[in-house]
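We call the chains A, B, C, D, E and F, going by the order they appear; numbering starts again at 1 in every chain.
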């Protein structure tokens, strides 16, 4: 599958915290960057997310803001 | 300012393309990763975005999806 | 690729309108439903979107609201 | 009320799962398509969402991505 | 129509700028607050948005971030 | 920090409800308007959100819809 989202960043699952409906997934990107994602618990389970699994963070460009100091 | 968005990634502006209402901004993160952002042209101008400027990509965790191969 | 987004709906491209930065893509789903999407022009071009092409609309569950009459 | 969101799809509530803060609502559209939504539990209660209720899925076009095989 | 979005704020259209695909709409809320919205040009036209028109800004709670000084 | 998000509205925390992963935060803006936000519980804790605290609601323009009666 090829997706229109402009940002597809390869990483590894570092941590998963499950709530009743949503899960918080922390990814580690190469270079030590971390990215945090909130997805449904059902998706986290369907994708078999667990520490160490290789995954991609996928982010639509219109959801990226820019800040300056 | 400290923001609730969990993802604040330091980078540099690599390219800016202006439309009538929106602008597409490409950032380069350390390690060569690129992140693309769509913001309003007014914001791009207000922040003085131009090639080489140091900025942050700011992404709310609920806007990050996860994919597997 | 398998994605955490809960909504992946098969359809066909019905119309594409390009702006300078973004494109508006209208899909037709089975049963005659239409779905409208805004993606970057670069993505529309990268995916080769044109009338009749088979594609999927992908929507994160947290971006779906519910309304009643 | 008439809303700017380009996608307003009629369906029926199929399932509701409540968390502490958010609820996951599964809708069934005509033709058997399913759409999953995450809204606040307060909204799910305010709208009286329960199995069989006729509702609309409302999705802003900028939140619809497109994927190809 | 009653919608799950938790934030529905009454205001008046102050300014509309049209691009090829999207429009930028500035609203004025009571008390002088301003809210800026990006919607498709088609929606801006369908809703007949013009200076002075009474409208509502509608914002899903999961799209509201919080910042501190 | 200066951010591209066009909507930065000053207010006070009125109520915080914590779930396992997400928190619902109600703000009161000047003039009595209320804004509801869903952020991660970790962010709510990191920002020290509690009743009476002065904060800002930050909303990207592309996440603001418009409705008419």
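The criterion applied here is as follows: contacts are C-beta pairs under 8 Å (C-beta built on N, C-alpha and C of every residue); 3 or more make two chains touch, one makes a residue touch a chain.
What you see is a predicted model, and the numbers here were worked out from it, not measured in a lab.
Novice: Enumerate, in label order, the chains that touch subunit D and subunit E alike.
Specialist: C, F
Novice: Check the residue numbers that subunit D and subunit F use where they touch, and answer same if over half are used by both copies, otherwise different.
Specialist: different
Novice: In degrees and to the nearest 5, what turn takes the CA positions of subunit B onto those of subunit C?
Specialist: Here the rotation carrying subunit B onto subunit C measures out at 120 degrees.
Novice: Need the CA-centroid distance for the pair subunit B / subunit E, whole Å please.
Specialist: A distance of 23 Å separates the two centres.
Novice: Could you work out how far the Cα centre of subunit B sits from that of subunit F, in whole Å?
Specialist: That pair's centroid distance is 21 Å.
Novice: So the centre of each chain is just the mean of its C-alpha atoms; given that, what is the distance between subunit E and subunit F in Å?
Specialist: The computed centroid separation for subunit E versus subunit F comes out at 17 Å.
Novice: Provide the list of subunit C residues touching at least two other chains, using ranges where the numbers run on.
Specialist: Within subunit C, the residues that touch at least two other chains are 1-6, 19-20, 22, 24, 36-40, 42-44, 47, 56, 58, 60-63, 65-69.
Novice: Among the chains present, which pairs are found to touch?
Specialist: A-B, A-C, A-D, A-F, B-C, B-E, B-F, C-D, C-E, D-E, D-F, E-F
Novice: Quick one: in the complex, what on subunit B touches subunit A?
Specialist: 3, 5-9, 24-25, 27, 29-31, 33, 35-39, 43-44, 47-49, 53-69
Novice: Under the stated contact criterion, what part of subunit E meets subunit C in this complex?
Specialist: Where subunit E meets subunit C, its residues are 1-5, 19-22, 40, 42, 60, 62.
Novice: For a test of understanding, state which residues of subunit D touch subunit A in their complex under the given definition.
Specialist: 17-20, 22-24, 36, 38, 62-63, 65-69
Novice: Going by the contact rule at the top, pick out the subunit A residues touching subunit C in the complex.
Specialist: 1-6, 37-40, 42-44, 46-47, 56, 58, 60-62
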